[in-house]
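The structure under discussion appears below in the form of structure tokens.
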Amino acid sequence: MSMTNTAWRQGQQSKAARLGRASHLVGGNSGKVVKAEQTVALLESVIQPGDRVCLEGNNQKQADFLAQCLAKVNPQQVHDLHLLQSVVALPEHTALFDKGIAKEIDFSFSGPQGARLANLVAAGKIKINAIHTYLELFGRYFVDLTPNVALIAAEAADAQGNLYTGPNTEDTPAIVEAAAFKNGIVIVQVNEIRDTLPRVDVPADWVDFVIHAPRPNYIEPLFTRDPAQISEIQVLMAMMVIKGIYAEYGVKRLNHGIGFDTAAIELLLPTYGEQLGLKGKICTNWALNPHPALIPAIEAGFVQSVHSFGSELGMEKYIAARPDVFFTGNDGSMRSNRAFCQAAGHYACDLFIGSTLQIDTYGNSSTATKGRIAGFGGAPNMGADARGRRHESEAWVKAGREAQANPKHMPRGRKLVVQMVETFREHMAPAFVERLDAWDLADSMGLNNPPVMIFGDDVTHIVTEEGIANLLLCRSEEEREQAIRGVAGYTEVGMARDKKKVEELRARGVIKRAEDLGIARRDATRDLLAAKTVKDLVRASGGLYNPPSRFRNW
Amino acid sequence: MANSFLEASARERVQAVCDEGSFQEILKPSDRISSPHMALLEQPVAFDDGVVIGRATLGGAPVLVAAQEGEFLGGAIGEVHGAKMTALIAKAVKEKPRAVLLIFESGGVRLHEANAGLIAVSEIMRAVCAARAQGIQFIGLIGGAAGCFGGTGLIARCCDVLIMSEEGRLAMSGPEVIETVYGVEEFDSRDRALVWRVSGGKHRYVMGDIQALVADEVNAFRNAALAALDSGKVGFDLENLETEHAMLTQRLKQFGDCRDAKEIWQRLGLPSAEELALMPADEFVRATSVARDVARGAQ
Amino acid sequence: MSMEQLKYNLPSKIQQTNRDAVLVGVTASGNCEVLLEKGEDTAHCSVDIQTSARGFGQIWQAVLNDFAERKNAGGLKIEIHDVGATPAVVSLRLDQAIEAWENQHGQ
Amino acid sequence: MNRDQVLDALFADLWKADCLEADHFYGRATVGNQQVTVIGTAEKAEVGADMALTMARVVIETIKQRPGEPIVFLLDTQGQRLRRRDELMGLNGYMAHLAKAVELARQRGHVIVSVVYGEAVSGGYISTGMMADACYALADAEIKVMNLPAMSRITKIPLDHLQALAKQSPVFSPGVENYLSMGHLDAVWEGNYAAQLAASIASLRAKSREEIGKDLRIERGIERGGRTAAGVVLERVLAK
């Protein structure tokens, strides 16, 4: 047959037309390099009104130069874009909506811009289609939200357009894969153009345009926690977690959320964990960013492997010197991958532990607060039982057994999902509430479901300075509620407890106080921390960790 | 008790630096000598108004001690706080101890009682100098998180001997104030490595502003204070004033065009700032001993 | 900011140790200082609080009730300067103060 | 008052400048039949490392070359210089050096008088004028650490609250009267400044070195009722 059905190739034709419009802007041997000062012109040439544009940016790496250029395009020419983003983090991101360049968005998280997003919604300048988890959003890139144009960031490109994404590879592979194989245009900002790359993370034929940005892309050192700020109460809670949960279930594969609470656990492994004889028995394999606070545990031989969502500023040399632990390329530098690490955290870990702003009496937790539209990034995937999981482990089987109320039911393992909070945060804000702020936020945003980070039925343990509530062992809604109230301290939720019922639960081991675990509160001092300062972390790393300036006092 | 000087409270520092069990507090918390002005402003007070004073021994020698509590209002000096220090020095003139130990941690004058604080700072400075002229040695210790700034930094530089850890800071204005007035290009207060290169113990040591650089350990401070007793005494006379004048004059000639200790260290032929930053105190002292003499104009 | 003064007098088992006043903690954000002295009434523990965080009287009451029940604080007079310490921090300071009180040699 | 006006009012033509920069000056003058060294700042000077060192040099030269000659500080300063370079040099060390020079001059028998004729703000004042044997301010001068709006921002105490309290207490708000009642200033000058300066120097010269060496500001604060807590502390500490 000689007939060709052009109707099947509209995407290719569209891409060819766009590339044609930009042909006068390119130079270099590969015909892919565009000068930084022509970036706005490039974007105006290849982006069409109404396009789905994926702008790379998460809570760490940002394609910030491309974001700034996109905010400078002529809104008469480029408008009504549908933005796809992991994290709305920069002022330029929200400026796109102020200027009418973009009109709708699908995203995962909006930390620092949460209040501005809420204002834009109120002003009718933005349409938020949905807030996802990272994995959900990546998934939709391959189903119904495939980008027409992807604007990404890499460490370096070579003359052909091959990319080296360095330790902070993060979201790049997922985004490029979706765009490049569905007629999308891939534009990358790089920090430098080199003759040869240390390794190729993205092959040149997936990349259409390369721009040498005037400044290195921004990276937020989000996972660095200064041990100097860890309190004795956090040390106490960390001791309870190690003895009452990690040792109890033999938790080997896990993920930690960000925060001082979890940093305290990491810093107690080589001291308290070692004293309890737990080396090799807990915390051996991690889905985790390279937390500087994990250095002492790694050095003490606690840790066998760490796969990471992204990297962490200052950890590069240390990671390169510990290839047995971290995932590194032949060049020696780390390769992170947010999509794979999220999948690992969801399916291959036995435990997630993290903190939150509010927990209700059902165990639902949320970081959503009034006046801010924030989303939850990866936490909902980490902090959810993996219903598709089939492989067994000691921790998973034991948790499942504890949850099984009726021996006739089909046995099924459970992921341990732990919420770790002090009963009051700073300024006496209670962590336990009768009703989550998320309800009001849902009303104001017109959502059917309040934005819950981790649903109560996924939570297995709640840890506070008052003790551990094991929700797996609760056999009724009423028991669950009293177990939660029983560790909620002097919050209103805690003071409304049924004291008798709480003592019953304690007798059954559903609630465990520090003393029930054989932990003396007076032993919970900062002297237990394997590092008490950032400088201690540097020393523990043998001088390989090079913390960003803002974390130094030397 | 915590081993870190930085993490220790004023009371813990006094206990750890002086001979064990020797400290006898003057005006105890239960005497309730707190600020009468904070109450008027409806601000919480401290039982000791943020400074602990008393008698102790150091290596068996009688000393008087004052220690500022950096967590209470940044250790800032108000009327009572200042008067406790002034009075302690007046007491030293009467009792003639071997030395007065001043453990500084203070942002300077307490804004809530600014006039009283400012006057108090000048009273303490006069008192320190006058007592030194009478042969009493003053040993200052700096290693708290709040640093030693403003008027307190002036008092510190009136002492015979200053002992610092690299975590300590000694300066006039804080970086935040300078940034607020002249912008982030003048002084980026979030660039903490820069902040420490401008005001931290290592820089101050190379410049000759302090006599000893020690690790952030209470014992290291104690040992340096013991070593300073008498041997570090410089008196208060024209000769040592002129020596200081020569040092400060040649500093401006030699380094007056610099804006970062990196430049100074480079000019002195020292290792890179990154290397210096990571050196433990003893190693740093060894590595910089020649350069320090050049910087001080000492032969 | 304005201060709130709170006063409590709580039944508690008698504290046998007799000694000079004890001070723990610091008047600093999220923290409090606690001064323990010998009082008059051996069956009760009196507590005077000066706090910069208004409106938490009920929580103070609950925290102090538990403390007076948990420890032998009868005959003690407690004064607290608070700058928004959480109940966990307040309980910790109170326990530290009692421990220091009962430890004859320590300060 | 500006620099030239104050020099004219105090010394008329009996003043000879050795240095007359826009923001600082020094020289000699005659008061009564007495030669004095004059050191001053002008135009709301920022006192940086260089200026502090210059003033210290003049004090040291006076000690060495003209033993016993009175020193008069004339001050208009907005405080210490707020620059990274000056901090790098160790500005507090330079200011303390100046203060120590003034103290040494006192101990060697120089009478030291300071007069605030413009503005005197914290660091710029402590290391110069506040170290004098006798401190004065002209009635229209200003002495302060910080103005109330800035203090309100930093302490988070409402401005109107501070303004109301400033009427009851001299302890935190700007004003020479506050520094008078708290015992720091010997007097606030009005009328014939020259005569008041001459009288001050004459009375200080009549005192013994021991008398001059005594810092009586705390006692004066009690007498004037503006600063009473410090006196209680002093008495109790000395009694223990």
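Things worth noting here:
In this document, chain identifiers A, B, C and D correspond to the written order of the chains, with residue numbering beginning at 1 in each.
The criterion applied here is as follows: a residue touches a chain if its C-beta (ideal position, glycine included) is under 8 Å from a C-beta of that chain, and two chains touch if they have at least 3 such contacts.
Being a predicted model, the structure only gives us computed values, none of them experimental.
Comparing chain C-alpha centroids with the centroid of the full set of protein C-alpha atoms picks out B as the closest.
Centre-to-centre spacing of chain B and chain D amounts to 24 Å, using the average Cα coordinate of each chain. Measuring from the averaged C-alpha position of chain A to that of chain D gives a distance of 58 Å. Between the CA-based centres of chain C and chain D the separation comes to 46 Å, rounded to the whole angstrom. Taking the mean of the C-alpha atoms as each chain's centre, chain B and chain C sit 33 Å apart. Residue positions 1 of chain C each touch two or more of the other chains.
Each of the following residues of chain D touches two or more other chains: 157. Chains touching one another, given as pairs, are A-B, A-C, B-C, B-D. Across the complex, chain A is touched by residues 2-4, 6-7, 145, 166-167, 190-194, 196, 200, 202, 274, 277-278 of chain B.
If you check the complex, the residues on chain B that touch chain D are 26-27, 31, 33, 35-37, 40-41, 43, 53, 79-80, 82-84, 86-88, 90-91, 94, 109, 111-123, 125-127, 129-130, 133, 150-151, 153-158, 170-173, 175, 177-178, 181-182, 186-187, 198-199, 203-204, 207, 209, 236-238, 241-242, 244-245, 248-249, 251-252, 255-256, 258-261, 264.
Chain A makes touch with chain C in their complex at residues 232-233, 422-428, 465, 489-490, 495, 521-522.
Residues 9, 11, 15, 28-30, 39, 42-48, 69, 71-72 of chain B are the ones that touch chain C when the two sit in their complex. If you check the complex, the residues on chain C that touch chain B are 1-3, 20-21, 23, 26-28, 31, 33, 35, 37, 50-52, 79, 81-83, 107.
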